[in-house]
């Protein structure tokens, strides 16, 4: 790996590693392997006997319409949140990058939503959109829309998308701003002298040079949407109405909660694990690639 | 093709700092003008004002017949070569050079011809498909120039383009830039802090210090008749020596330590009794062992030189020492003998002495 | 932007102000709501300006508790959240820094194996291994305990990776000089490495504290006793009463309290926060 000036020690390194390894094994590997193992089992209704069934759980999963539905919900949710929060984050970042006075102040004012728990963010929006007393709900009601996220699936989706996007904008803003500030000013000036107006400069020079950051953020945003949004959905809609906001992660927790189909729930977990591993692997492989200058 | 005229240009930043304090000069069509001075003297700021990358607080800049103060950079018909080249990292060499033309809607066929021609002149033909990160420093420099010449602008602006290259490459590129500019005939303004670069490249030299223009003229004029002690000490290497003195009589100086020197009143005029700084270039001074002064002994008691260090250069040497309290350096050529012994005096022709007012630094 | 048009500078400010408003708006509404009484809110007549109930609402929230849900007053929840967040941040940093130290500065058999074992834990957030982890915690009798809240969340390797990366930038001459000066590995760690790592530790602490404070799913599952609830869970319990009788002003007051510590940290330790964020994600 490297040629640090190494200490020699027979026992010490193992002792140093022990805490983390123990915690990892007990609380990470053991559960993960258990989930994997369970996904290959089929338990009868009374939990009395278990049977090793290879991939039958997985096959069953893909035969269920509600699983496909959850996949659809997840895709719609992820794409909307990722796209909106990235676009808005980029817009604010490019405005903040323009050497105007007060960039620091704006930055402080725009990044603090990162500190807000997803569940709390969700509650804020639930309040604003609460039929009857929330400000936006009343406004919608007044303009003729029959607003009730508890009954209307699309409106529920809008609610969670808004809450999730609100929180993500600040994260993307921060990273985009850093990426923009890393582009040497002289390259922008050269482009200006070369006859490119601001918009053209943005698309032909700035955006391509921002691509490592953009790619990285897309991966991170997708990961966030898949997993961290559990808090939002659970507080806002409980996955409903009629599973309209049940994403894959939500489904895993929900199905497991009621304990009936341990094998199926485990299989869902394993599928999610594969997705995350894929996303993380892409992120690491890409981050290894050299940036332009 | 156009001339560039600056009239009383000023730059004052928010908060009051005045970076450029009223500079005026003209660069004739096809001329190569070099702005030279120490870091922070305002030369880069001035160049950027000509480019349109900084606003002009006061005064006027004209390119050709047009006043350009209010025009955006791309409307001024200029091209700039940056210190760190500022190539577009994600584009190939070809696309880097074609970008400016593409933005102006030049037809594709013409872009191809112009880029290929520039590539031929700068010997970049083999590199057209490469990206900047695959090129060496010198190659990137040439691409940056290619990007500029492809546009056939009214003026070239160079912002210390050779500072990032190693010494040998710098000399090579310096010659290439000059030859290129001569063959293209484009008006050019070049900024550098290196006085040697300035001397070898310039048709006209503008020496700047602290936001002000100290002198403007040809390289030779600036070298032979520096207008201030700053210019005298900045241009020429090793730098000019200064000895505090007073004018005893027309043609004769009394140095601080008691020695006297003869100067030519036709070269520098100063009233009797004036306090001056006598400027002597190291290469115009000869070292003589005490007791063996040359024939021209009239009117002078040559100053004594106390030698502290001798640097051997191979093609001559530098002798560092002191005359009274002042540091003094003599540059000896290859045919002069290395000083042997203990006691030395210096000899210098009267014509070679420059006189400057001790208080203001201005040439007398 | 290179252009110097007079109006050019107006646009960024305008857009950014809109951004700040969008971002601040929901929180503003919450703060307003927490200062009114229930009736005004329930009737849909809450104005955009603060009311006069601030003191009563916050007092009830923090100290007294509501009648609708048998739920502890928020004061206790704040304490739980604080313990959990501090525990996670401190715990994770502690085990990670010594692991990274071992991996970077020692040569021993199975070093790479150990590294990969730890590295893989980056891959899976807790949501994916939720039930088996629950079972283990339950088997270990750690339900409804601080240990149960904290331990499973310190298992992942982000901090270890960060420290490893940082340690690899330490010039090896420093280690050699230490050895010549007679320092053993622990001495080196205490006297040289730790002082150099202080900014990294601080930045990580900020990020991890926020991460810990904002945890939702895990505390939800393993705490059932009221006095073990964290404040983020507490909010859910309040609005779970899914009708207009929900005491919104209490809910909003709770939300404001839940946001306060992490947001305060981000605002006042912004530079450390940004550094920590950028370092952990690379």
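Read from first to last, the chains carry the letters A, B and C; within each, the first residue is number 1.
Just so it is clear, a contact is a pair of C-beta atoms (placed from the backbone, for glycine too) under 8 Å apart; a residue touches a chain by one contact, two chains touch by 3 or more.
This structure is a prediction, so every number in the text was calculated from the model and none was measured.
Engineer: Measuring between Cα centroids, which chain is at the maximum distance from chain C?
Structural biologist: Ranked by distance of C-alpha centres from chain C, the top chain is B.
Engineer: Which chains are joined by the largest number of contacting C-beta pairs?
Structural biologist: Summing C-beta contacts for every pairing gives the maximum at A-C.
Engineer: So the centre of each chain is just the mean of its C-alpha atoms; given that, what is the distance between chain A and chain C in Å?
Structural biologist: So the centroids are 16 Å from each other.
Engineer: In whole angstrom, how far does the Cα centroid of chain A sit from the Cα centroid of chain B?
Structural biologist: 58
Engineer: List the centre-to-centre spacing of chain B and chain C in whole Å, with centres computed as mean CA coordinates.
Structural biologist: So the centroids are 58 Å from each other.
Engineer: Where in chain A do residues touch at least two different other chains?
Structural biologist: Residues 189, 192.
Engineer: On chain C, where are the residues touching two or more other chains?
Structural biologist: As it turns out, chain C has residues touching two or more other chains at 2-3.
Engineer: In chain B, what residues contact two or more other chains?
Structural biologist: Within chain B, residues 53, 72-73 contact more than one other chain.
Engineer: Would you pull the chain A residues touching chain B in the complex into a rising list?
Structural biologist: Per the stated touch rule, the residues are 184, 186-187, 189-197, 200, 204-205, 208-209, 211, 292-293.
Engineer: Once bound in the complex, which stretches of chain C touch chain A?
Structural biologist: By the definition above, chain C touches chain A via 1-3, 9, 11-13, 15-16, 19-20, 22-24, 26-27, 29-30, 33, 41-44, 46, 48, 94-96, 98-99, 101-108, 111-112, 114, 117-118, 121-125, 127-133, 135-136, 151-152, 154-157, 160, 167-168, 170, 172-173, 175-176, 179, 184-186, 188, 210, 213-217, 220, 232-233, 235-236, 239, 242, 244, 248, 251-252, 255, 258-259, 262-263, 265-267, 270, 273-274, 277-278, 281-282.
Engineer: In the complex of these two chains, what residues of chain A are touching chain C?
Structural biologist: 1-10, 12-14, 16-17, 19-21, 23-24, 26-32, 34-35, 38, 88, 91-92, 95-96, 98-100, 102, 106-121, 123-128, 130, 132-133, 135, 138, 150, 166, 169-171, 174-175, 178, 188-189, 192, 198, 216, 220, 227-228, 230-231, 234-235, 249, 252-253, 256, 262, 265-266, 269, 272-273, 276-277, 280, 287
Engineer: Write out the stretch or stretches of chain B touching chain A in their complex.
Structural biologist: Those residues of chain B that touch chain A are 51-53, 72-74, 78-80, 82-84, 86-90, 99-100, 103-104, 132-133, 147, 151.
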